[in-house]
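Heads up, the thing below is written out as structure tokens.
So that you can tell them apart, the chains are marked A, B, C and D in the order they are listed, and the count of residues begins at 1 in each.
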Amino acid sequence: MTVTVEEVNALVAAAFPGSGNECVDVGPTWGTARRVVTPDVIRPGGFVSGPTQFGVADAALWYAVFGAIGLEPMAMTSELSIRFLRPATGAALFGRADLHQIGRRNVVGTVRLWMDDRPDRLVAVAQGTYARPSR
Amino acid sequence: MTVTVEEVNALVAAAFPGSGNECVDVGPTWGTARRVVTPDVIRPGGFVSGPTQFGVADAALWYAVFGAIGLEPMAMTSELSIRFLRPATGAALFGRADLHQIGRRNVVGTVRLWMDDRPDRLVAVAQGTYARPSR
Amino acid sequence: MTVTVEEVNALVAAAFPGSGNECVDVGPTWGTARRVVTPDVIRPGGFVSGPTQFGVADAALWYAVFGAIGLEPMAMTSELSIRFLRPATGAALFGRADLHQIGRRNVVGTVRLWMDDRPDRLVAVAQGTYARPSR
Amino acid sequence: MTVTVEEVNALVAAAFPGSGNECVDVGPTWGTARRVVTPDVIRPGGFVSGPTQFGVADAALWYAVFGAIGLEPMAMTSELSIRFLRPATGAALFGRADLHQIGRRNVVGTVRLWMDDRPDRLVAVAQGTYARPSR
């Protein structure tokens, strides 16, 4: 038993309406985010901007944390590093996070990002840590 | 001789109108970005979201690259890691990048982020690499 | 056709005798390093030290680069970030790197580290970039 | 009142004799480590190896944590990212860590690394997090 895509999107819509990302998959150790590309996220060269890609990576990791520990909106990114592999062009950006550890204090995962239907052609990869709220 | 704040903002306005950040300082080895906090960048808890902070860090580093090598819009982030230190609340977010190296292929710098008039109380720090366009 | 484990270890023995790590697997997009735990790499608490783990991650990525582009000793780490997940105790430390991109200038990969026969229980994860020599 | 260089080196000698690094400066928000270059840390090309540089960065951050919170050997690196700026050649490698935050759970800092008497010519920079022991 884990959370559903609908539950994640309902929480995000209520708690972070400006997010711009939506959940399209979630499970006990993973989460996938999608961002429809709009003109305001295009940087010089016609590519999806780095902060937009970071936002999708961060969202995917957040959704994966929900899948792992339940709907906890106050889980917060502690640190995240991202590497940009190639110019990102297309209609939608996807990010899938897979968790390596679900600890008492921290959750750590790796994220892969791609455009449209090309998960075999990554545009960026990231790795980072979410801190679980202290009790 | 380096670029001016006005030149940086003119380039950003023309080339990346959706950026949301503005340059408030630039010099041969540094750059400072400001982002006015608007409701759409607030995440659960009432804090400025992580991707927004990443965007300010990335912009500050971009401006510093302009200061170092001139107005080169095609300089692109190669990799960036960010650490979030405390909840970010206030009216405006600032990020200042200082460059450690201005190489032939890469530029590397560290970024400090704070809210309003509290540069002594950092909300995040980042470090990363910009790739210069190949000739 | 790719390089063999024996070819990688011969190169490492000749070019970097103080490495302390050995290659135990290599393929077109991956490499695995092993380090036998010796007393000098134990840090307070009885754990394998962080720099030793970083060294294994770096070696695994180096071997994977050999697998991808051939025996190129001058490929150099450009940047690497590592996250430590739990205390590392045991007789041997393993790191496996998987490449996400093999570009003209850079190679990017993710590394998983574990002790002994427990690849299901990671002690650290890393992600980073190797720069290929300029021609 | 903070710890002294002698106190740091006595703790390191007792608790981590294989470290290879020594403390040459420590204060409430900083620490500096030195490593004498020996043949075993030389990688192909004649440069100080990346893991050796990571070790000096990690040690400098550890010493700075001692300066900030006292002699706590069980403070452990949580994550650290490092960028290599140029080939490192010389007789001794130095790393200086400066802390950005001394929190209840984490300590975050930036590290600069150089060879010999050239702090103006960095060979690497790093940024990372130490976790304080839970009580």
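To be clear about the criterion, contacts are C-beta pairs under 8 Å (C-beta built on N, C-alpha and C of every residue); 3 or more make two chains touch, one makes a residue touch a chain.
Everything numeric in this text was worked out from a predicted model, so none of it was measured.
**Q** Using C-alpha centroids, which chain lies at the maximum separation from chain A?
**A** D
**Q** Any idea if chain C and chain D meet via the same residues, over half in common, or different ones?
**A** Chain C vs chain D: same; shared/all numbers exceeds half.
**Q** Decide which interface, B-D or B-C, involves more C-beta pairs in contact, and give its chain pair.
**A** B-D
**Q** Distance from the CA centroid of chain B to that of chain C, rounded to the nearest Å?
**A** Those two chain centres are 33 Å apart.
**Q** Taking each chain's centre as the mean position of its Cα atoms, how many Å separate chain C from chain D?
**A** Taking the mean C-alpha position of each chain, the two centres sit 22 Å apart.
**Q** What is the distance in Å between the mean C-alpha positions of chain B and chain D?
**A** Here the centre of chain D sits 27 Å away from the centre of chain B.
**Q** Got the chain A residues that touch at least 2 other chains?
**A** 78-79, 81, 83, 129
**Q** Mind pulling up the chain D residues that touch chain B in the complex?
**A** Within the complex, chain D contacts chain B at residues 81, 83, 85-86, 100-101, 103, 108, 110, 112, 122, 125-129.
**Q** Inside the complex, what are the residues of chain B that reach chain C?
**A** 78-79, 81, 105-106, 129
**Q** Taking the touch rule as given, give the residues of chain C at its contact with chain D in the complex, in rising order.
**A** Counting only chain C, the residues touching chain D are 15-19, 39-45, 49-52, 54-55, 58, 73-74, 76-84.
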